[in-house]
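Both complexes shown next keep chain A, but they swap its partner, so chain B is in the first and chain C is in the second.
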Partner chain A sequence: MSLTAPRTISIPVAGSTLLEVDHLTVTFPTSSGPVEVVKDASFRVESGDTLGIVGESGSGKSMTSLAIMGLLPRGGTATGSIRLNGHELLGRSDREMRRVRGDKVAMVFQDPLSSLNPYYTVGLQIEEAYRAHNGGSRRDARRVTIEALERVRIADASRRVDHYPHQFSGGMRQRIMIAMALCLEPDLLIADEPTTALDVTVQAQILELLADLQRETGTGMIFITHDLAVVSQVAQDVLVMKDGEQVEAGTAEQVFSNPRAAYTRALLAALPRIDDPFDELKGTSR
Partner chain B sequence: MAITILRRLLAAVGVLLLISLFTFMIFFWLSPDPAVQICGKTCTPERIDQIRSQLGLDLPFWQQYWQFLSGIFTGRTYGEGAAAITCAAPCLGFSFQTNESVTDMIVARMPVSVTLAVGAAALWLLAGIGGGLLSAVKQGTGWDRAVMTTALAGISLPNYFVALLLQYLLVVQLRWLPFPQSVTFTEDPLLWFQSYLMPWLVLAFGYAAMYSRIVRTNVIDTLGQNFMRTAKAKGLDAPVVLRRHALRPSLTPVVTLFGMDFAGLLGGALITETVFGLNGVGKLTADSIAKNDQPVIMGVTLLAAALVVVANILVDVTYTYLDPRVRVKSA
Partner chain C sequence: MTDAILTARHLTKQFTTRGDGAFIAGTSTFTAVDDVSFEVPRGRTLGIVGESGSGKSTTARIVAKLIDATSGTLEFDGVDVTQARGRALAAFRSNVQVVFQDPFSSLNPRHTVEKIITAPLDYQGISPAGGKRALVRELLERVGLNPDHAQRYPAQFSGGQAQRIGIARALAVSPKLVICDEAVSALDVSVQAKVINLLNSLQAELGLSYVFIAHDLAVVRQIADTVAVMSRGRIVEQGDRDAIFERPQHDYTKALLAAVPKIDPEWELRRARMLAEEGAGA
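Moving on, here comes the complex of A and B:
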């Protein structure tokens, strides 16, 4: 074993705890004193499982994921504990975190067009992720890249690899982002509103793709969304956040069938239900 | 692509024709009679008429314009018989004050202007891009403020003032440099370099100031883009993120600017050349305006316009190679 901690992270065993977050608090300094955008969040992600984090804009769900990546915007500080396969991530240097990013924890963002650099081919952008961690020749990287594109079901991948982001549709771009995230076979995938910018049919395809890939690779996933309906499709566990606070946590079944927090109940009530035509009326009377 | 370029070239020819027409009109109607100028003080009306017919100044406007225009392609002859003066193509006119063809005058001054432009461009690109980058990456720090304050000075201080200040400091007070002299590189490389150093610095200062501000804005804008977050999330090294992902989007727009500025300078840096006594196209322009030597003024005006038009096309073509969104149509 080398002395450098990041390389000693063990291979995940299905069902074992992959990520443990305890008392995570994210603070930003403002002119009127520090503001806590995430307050005392604690949760677990088992390998091969999906944790859905639900909340409205500004609830702190994206900041939670950026804290895990060590990519908080300038000025932000995280306290508490974030352990990946038992190894503490908080307090690591940026250099150490770079080896975790992409390789151990990868991320898929909301808007795939702006998340890809318009000046480079999608192939190059996936290749550089692979080569940043594995080194190797460009040819190897290109082979892995084409394989990754095929895995996310991009037709004619060996030709498309040399195309630029603007030559793809929105759904395809998100597939490319997923290929980029998965080409390094990370232990944890953080999907931050990956389907929000897409239309409904494409959204369904992307969710299906993510589920399939997760079954194949056993990657643990954090799925961040404001959409409860989506969470109910993908997640085993659910965490509901509001104003930086964790208002509800439990298995998806518990949260959906027997919500404890009033906020969760209100969210659930706001969901349109196909089997209940008077849903709207009921929602307002509550 | 070829069709696009061809279309641009045709449009450019149109623009140049219009510019030549307007310039010609201005000199035809608005300036004093060249024949009177040439004739001098001891002049008779007969002599003036003679000069007028010799130069073709008695012809109607369109005919004179046509003579001027065709002279550019085929050359032209002023007068007849033994007194005839031939002006070889491309003939931009003939200065009767200096008894030289305008083309020859410009060609003789071109090397100085090119040297000035190339040296200054190298300096301002280096300083402007470097400064802007430093300022953006160290945003809000002392570095940023230092660069931006210098840039503000560069933008607001007039060229001639900086030139005089620099001459006073470096030549008169500190005696680090000799007074600029017109020598060629082959005559005395050191003196040549020393003579050009101040004009380069003066010229570059203003441009570098503008470029550093633009580069700073572009880089800050790019650093806030989502793809920068993606690049970091991939675990790339910070220098790679900056070099590969931030620099190219930030610098591509600068190409447009640079093409225009550089072409403009090839047409002569009027003030800098005059202040430093450099015999370039800019000095030629200034001198000709002072002497009201119309054919020369018209020639340099056309040249400057042609340079900008050509640069514009080159920039557009280059841009399609630099920005894939322009080059490659959506699938």
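Moving on, here comes the complex of A and C:
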């Protein structure tokens, strides 16, 4: 990821820059005038790499991803430039953005239960998503769906495909959401706090799964999280956001071993560590 | 045996569930907490960690006497409170307070901070020596809030500040034991660190004992003296904090610790050196 002068050359080359975001600003109108929730953000995502966007609540990290997906809440406007494989996404119609979503960019959210319809089997929901984008027969869609469930390591996929969301655990549901995203073969996967609602042992499994799948498919990924330790493990490049501003950007190694921004340093200092208890916090009580 | 403020012996909690009308017939019994025993050393912190469904929150609710255990005993400050009702229960409640996970849903949005903080006093029928207003000011100051904000409403505070109000309310009746049920889980990391520091300094000043329930092992390591690890309703391992974190014996504890994401220690070391050099150069 380069944060130097934005380039306008847009010839897609395999293994090159997948997503280029330049001077992205997201504005919402309020009764006391417009509020910028993302201010002048610029970053790159390379094919096969993961960009981690980390920040606390209200930092603008989720609004950044929604702007890329063309899914900003009503009233929100994005300015600047978002180019995917060299093609500008900002200013496209809803109809065009619907094609981009799924075909080119897919998203996995924090809460898999609210993203799945409880009245339909998981198989039917994945098949619908697949056929909406790729057409083809029911039979083909079912085959692709079972394959996708197998790829996300759901045991006995040909039987489980006919089960309903409530028959799966939280971790399994997140695997189903990942399967749904992946069967569309997106160039870019945006994962917004995908493991935040999960237990720590399940989180470890999902992070491992995402890394394996990325190796297999070469999909570029934006991983949004509040958790610095998680981002340090999954991302090659890291963007730190605060109050809509991009306060630090660099490789994960740079950001974690040599942070420049005072905010990044403070955030790292505040992170509770499992291997290094802050005994001094206990003061004289010990 | 150490001096324990609270002793739980063989606590078990069973819930009876009715059939769902479609797949499951009749009733079945689910054991949420299964033969759990532990002590909270006086003036110290017992951390209870576990994943969802481990029974840690049910244990917290039994210890706070918000629900009764199916069997087992609970002793507080040398008195058996298992069957406490009426006056004995009121006395228990003035000694044991709870801080909940979500500060906003546990604070009445229509009440001022003063009214929220003094609610436990009203419940107990206590009128503080220097008057309520003075006590509220003192408590707000103690938890790091502006004492002039006593007439404000919860919505006018941030999440971290709202959690401080919850802590001030817990302290109003001068309890001996505070049960923190995921008390910092909903907070941003920088706010979380401040609330942990606050809890630790309050313990040092007031000699409070804590039961600190959390799913986040790193947070528990920052605050607990002794740790109990729960899984599927049972305590699989308990002991001194450093022993649990550095020399876990049980396979579940080992798996849990291994799953916690960590920043590359090499990066951490390099950052620490860099900050030290900059500090020396400044």
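Quick note on the criterion: the second predicted complex is superposed on the first by the 258 of 286 C-alpha atoms of A that agree within 3 Å, B and C clash if a C-alpha of one lies under 4 Å from a C-alpha of the other, contacts with A are read in each partner's own complex, and residues count from 1 in each chain.
Operating definition for what follows: contacts are C-beta pairs under 8 Å (C-beta built on N, C-alpha and C of every residue); 3 or more make two chains touch, one makes a residue touch a chain.
Being a predicted model, the structure only gives us computed values, none of them experimental.
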- Query: Which of the two partners, first being chain B and second being chain C, lies in contact with A:A211: first, second, both, or neither?
  - Reply: neither
- Query: After superposition on the shared chain, which partner residues are touched by A:Y119: those of chain B (first), chain C (second), both, or neither?
  - Reply: first
- Message: Just to be sure I read the superposition right, which of the two partners does A:L90 touch: chain B = first, chain C = second, or both, or neither?
- Response: neither
- Please indicate which partner A:A229 is in contact with in the superposed arrangement: first for chain B, second for chain C, both, or neither. second
- Considering only touches as defined above, state whether A:A261 meets chain B (first), chain C (second), both or neither. neither
- First (chain B), second (chain C), both or neither: which does A:R98 touch? first
- Task: Applying the touch criterion given at the start, work out whether A:L71 contacts chain B, chain C, both or neither, answering first, second, both or neither.
- Result: first
- Task: For A:F109, decide between first (touching chain B), second (touching chain C), both and neither.
- Result: first
- Interface residues of chain A shared between complexes with chain B and chain C: none
- Can you list the residues on chain B that touch chain A in the complex? 225-227, 229-238, 240, 244-245, 248-249, 252, 323-325, 328, 330-331
- Item | Touching residues on chain C, where the partner in the complex is chain A | 43, 51-52, 159, 188-193, 196-197, 200-201, 203-204, 215-219, 221-222, 225, 241-242, 245, 255-268, 270-271, 274-275
- Across the complex, what residues on chain A touch chain B? 69, 71, 94, 98-103, 106-107, 109, 111, 114-121, 125, 128-129, 132-133, 163-164, 166-168, 177, 180
- Which residues of chain A touch chain C in the complex? 56-57, 170, 199-204, 207, 226-230, 232-233, 253, 256-259, 265-275, 277-278, 281-286
